[in-house]
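All chains are identified by letter, namely A, B, C and D, in their written order; residue positions are counted from 1 within each chain.
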Amino acid sequence: MTTSIKKIGVLTSGGDAPGMNAAIRAVVRACAFYNVECVGIYRGYQGMIEGDFKEMGPRAVKNIINKGGTVLKSARSKEFMTTEGRQKAHANLKENGIDALVVIGGDGSFTGAEIFNSEYKFPVIGIPGTIDNDIFGTSHTLGYDTALNTVVEAIDKIRDTANSHNRLFFVEVMGRDAGHIALNAGIGAGAEEILIPEENLGLDRLIDSLRKSKESGKTSSIVVVAEGDKIGKNVFELKDYVEENMPEYDVRVSVLGHMQRGGTPSCFDRVLASRLGVKAVETLLEGKTNLMVGLLQDKVTLTPLEQAIKGQSRVDAELVKVSDIISI
Amino acid sequence: MTTSIKKIGVLTSGGDAPGMNAAIRAVVRACAFYNVECVGIYRGYQGMIEGDFKEMGPRAVKNIINKGGTVLKSARSKEFMTTEGRQKAHANLKENGIDALVVIGGDGSFTGAEIFNSEYKFPVIGIPGTIDNDIFGTSHTLGYDTALNTVVEAIDKIRDTANSHNRLFFVEVMGRDAGHIALNAGIGAGAEEILIPEENLGLDRLIDSLRKSKESGKTSSIVVVAEGDKIGKNVFELKDYVEENMPEYDVRVSVLGHMQRGGTPSCFDRVLASRLGVKAVETLLEGKTNLMVGLLQDKVTLTPLEQAIKGQSRVDAELVKVSDIISI
Amino acid sequence: MTTSIKKIGVLTSGGDAPGMNAAIRAVVRACAFYNVECVGIYRGYQGMIEGDFKEMGPRAVKNIINKGGTVLKSARSKEFMTTEGRQKAHANLKENGIDALVVIGGDGSFTGAEIFNSEYKFPVIGIPGTIDNDIFGTSHTLGYDTALNTVVEAIDKIRDTANSHNRLFFVEVMGRDAGHIALNAGIGAGAEEILIPEENLGLDRLIDSLRKSKESGKTSSIVVVAEGDKIGKNVFELKDYVEENMPEYDVRVSVLGHMQRGGTPSCFDRVLASRLGVKAVETLLEGKTNLMVGLLQDKVTLTPLEQAIKGQSRVDAELVKVSDIISI
Amino acid sequence: MTTSIKKIGVLTSGGDAPGMNAAIRAVVRACAFYNVECVGIYRGYQGMIEGDFKEMGPRAVKNIINKGGTVLKSARSKEFMTTEGRQKAHANLKENGIDALVVIGGDGSFTGAEIFNSEYKFPVIGIPGTIDNDIFGTSHTLGYDTALNTVVEAIDKIRDTANSHNRLFFVEVMGRDAGHIALNAGIGAGAEEILIPEENLGLDRLIDSLRKSKESGKTSSIVVVAEGDKIGKNVFELKDYVEENMPEYDVRVSVLGHMQRGGTPSCFDRVLASRLGVKAVETLLEGKTNLMVGLLQDKVTLTPLEQAIKGQSRVDAELVKVSDIISI
């Protein structure tokens, strides 16, 4: 490790996600391992502007690996979008001797990091943390695997009652403009149909598919709908549409909502967070900057932040086909 | 056991609830134990009318004690509300040699059982099964304890993200016109305020309470709202009202929905279901009828179905007070 | 509230149990509500002797209601069994202006409290906290309901593999000399046999029962064994004995162990802890002492500590019968 | 699809694993999708010998995607290791018109499949199902991800009580001769040390490490031990050794046992099982044989069964290093 970095700041920004605490813990402990100091920055960029800092030794992060949310809290900062805001932030970092930053968040957070770096040549490394899995350059973002388990557990419960009553349920799940959660959790939950932004099934085909389901002997059905779905109707309008066109169905809606963002992280997310947190510190200490650490083909990799921001994370076409086959 | 009962029918009716399968299992096995036959009736009273019956021996109910929903399925039957419907149902029972009925459900289901008994002198025993805990004559209905755990687990997840962002969440929970789920899960989840139908807090006091919360240093808050709350606004209107009056708050809404009705039953619900199922069979075999088996003061008890239907299950005033004290 | 009590100390002692944190939170907040100060005492009586104290305001206990273990930590203190130890402890309390104690723990902890009160006329109230449910004067101890759920969830998993292989499993559960956990979790998990200290089934009857199980068509079986069972063999010896006498069985053993003591408390335990914590403070403020707060017939009650220590918590004979019936 | 395959048999063999049911479901439904018949073979190769078959249409596998264990049951068959056994098995397949086999299991099961193919030119495809993740040619076996979550949840509970009492826990986890579960779950659970067969830490270094832990301020510790660990002592001997050498520690042991093999599969395992099940059928229909479907670098791939059996699945050196760094 050849850099002159002596103190690394770490922050969480944007929507919180399970595994962020495990990543904070890994960053803090990797700093201790490599003999650099570590400072926790509260409430993302806003805390950077307000100087809301706290020195963190390895014991400061004990018993957080299994906690949802983020002990450093998160916030969206309008002030950081201004030159003045970033100036204040930079002054605070300098005053506190902070040499480099690890930013845990999504593409909005990475954009802030990029701009900050371009203005102040401040070393920054990003760790992708969002349940939506919509970041280019990593097969998995922190929190995504946990959210998938949360969603399938919730749909398992809904299926109990759907089965008992021969009902059709529309279940809306998160994911912003990406269908990753809907597609994977839909397959995992044994959904009959999955509506995602990337594939516009169309209303007619949905009705067709439900008719076939019924004819094939299915007595209850689950349709998983991504919040960003482009079918042109929200989940409550979908219910109305189906009820009009298939009056034989008793249709219900469930919007899973914010519980998808929380919860004890899965083992996968804890391990991923630990790997990415360590790698982020090592990458800074190697003198690199403007990179996102991520997981590609099971290996920890580096992707330029710029690509991570601009690139698009696509759903796997094979999965769409698998979904069609196994819902027969 | 002195009756001439030789074959008992068992059905689930109304909304399904975790623990119904455990109760079915207990009824079936108690029949085997006491050497009477047992017949499962599918889809509640509707299946009784349609003759949708199945003989059930003790092995037929293996591995269902831990399953949510009901293997006998449930339905609401308009036909059973007619004299003709009940006539058909009675004819089917006679034809199949069924002497007595165990009805697992809520007050609507019990009303059906009462009328059926009054017309045909058919022995009936009720087992209270509903997550809402709104049945007089039992401290706990089947599924209630499980639903409480489902709700607190969901709110625990929501709290992760509420804490990370300093937010206020309104969480709507089930319970029809009763505040049991809201009050108990609200206490269990550490809610700042709990809005239940039995206590009209009023909008002004809600705002007052949230102001005090904020002043006392709380940075995030959960308000649990019972679906039958009488405050005069639904949960989305509440959000708007609070945002207007307290613009400093970032308010979110989560409606937990149907996942509350499903899931693996808790140990409490499994044991309760086992006790009530056995007692229902024993009570029929003792020649009694028109009773609900329930739990009062930790003991299995009998309550006339008429009282169970007309009586009111009240929330405990001590709990309301405890909630006020610990949310300080 | 008429006493001169101005500052209450709270400690956890003996084995930890889920719900202890919820009880600490309730004690701290009830103190705030009634305008008395509250001091957390770390590591039970040992911390009292060493003066390991911390003032606790209502915000100090935020976000702990859902945490297993105890934030005040627990310990067994040999020194507190000596006159000198208790003298030091008393001096520390006086020095810190602590007027009264809430002790969360089991009968050993209550015995310490009783002796301390008899020597120093120091007001003490006990809250029963142990997963074993072996305290007289309360139908439920803190942590018991959670432990039951932990055990049935573990056995549900074991049953998956038992069913897949037609195996017999002996599962040892906690409970010290009491069979509460084994009996209730055994019923909840659908166990074929339950061996508890209170009922000596005998080895011959066990073999008989397993034979009947097999003849009745059961292809796999779970036998739940309480750790304090008096059958004269430990769970591994039981395995050997059954394998010798029933070579057709593939027998396995699982000792669930310490995971039974931890975990997120159930809603029941959180609500119970909240009620008992509030009542403990109120009871002290009413000038009472040497009492245990508990739950009897669904109501919060007071039992003299002496009775709580000497009395015996019995398993319900009805449950033993139910277990026999439903395992047919 | 160009083969003459008209009927595919599917079986589960060896130790069961969560996700096997989801794989069975995917095989059955893919057969329906591609218009070939599907037959479930009970109890692995033994059922093949005994002709324990059942035709399975797409509705036969409803509501099993979320169930642990295997609805087809599993068994180890000594008879299948004989020429006569395999002859009987082959005769049964022919008699039932079964053209090809999907074998879900571990390397023992694959060896059986290979031999069977070499003798009868019978098309076989393997799906790796075992919690141990010890199969070459796939990054993940079915059940492995679920087992990791089961283990970290159990250790989370143990940590509650470890923290409350300042204890050292040795937790033994499954994995046969592979350290995958121990290493990943150990990192996920925040273990201080992880003992795996692939790395012999040695007793002296273990003591050293625990000493450093203590000095660094850790008050409780978890050591995760793989069942196949080569340190020369079992987990109870380890306890004794540490207590002798570090009398300041209160050491406990927990052997997690068979609960690791069961439970509701994680979303990951359900999706993986769905993908592999579909691919297994497609591969047979493409006229291929003697291959294992697996996941490599996030893609479904084919590996010759022979390699899958002989190759070795290694733990990732990066993970060992990460574990060292974050347990500082």
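By our rule, a contact is a pair of C-beta atoms (placed from the backbone, for glycine too) under 8 Å apart; a residue touches a chain by one contact, two chains touch by 3 or more.
Please read these numbers as outputs of a predicted model, since none were measured by experiment.
Graph distance from subunit B to subunit D, where chains that touch are one step apart, equals 2. With centres computed as the average of Cα coordinates, no chain lies farther from subunit A than C.
Matching residue numbers shows that A-D is the pair in A-D, C-D or A-B whose interface repeats B-C, with more than half of the contact pairs in common. Averaged C-alpha coordinates give centres for subunit A and subunit B that are 35 Å from one another.
Subunit A and subunit D have centres, each the mean of its CA atoms, that are 28 Å apart. Computed centre separation for the pair subunit A/subunit C is 39 angstrom, with centres defined by C-alpha atoms. Among all residues of subunit C, those that touch two or more other chains are 156, 159, 163. Viewed as a contact network, the protein chains form a single closed ring in which every chain touches exactly two others. Those residues of subunit B lying in contact with subunit C across their complex are 25-26, 29-30, 32-33, 58-59, 62-63, 65-66, 139, 145, 148-149, 151-153, 156, 159, 163, 184-185, 187-190, 216-218, 264, 266-268, 270-271, 274-275, 277-278, 297-298, 300, 318-319, 321-322, 325-328. Those residues of subunit C that touch subunit D in the complex are listed here as 12, 15-16, 18, 67-70, 73-75, 150, 154-161, 163-166, 169, 252-263.
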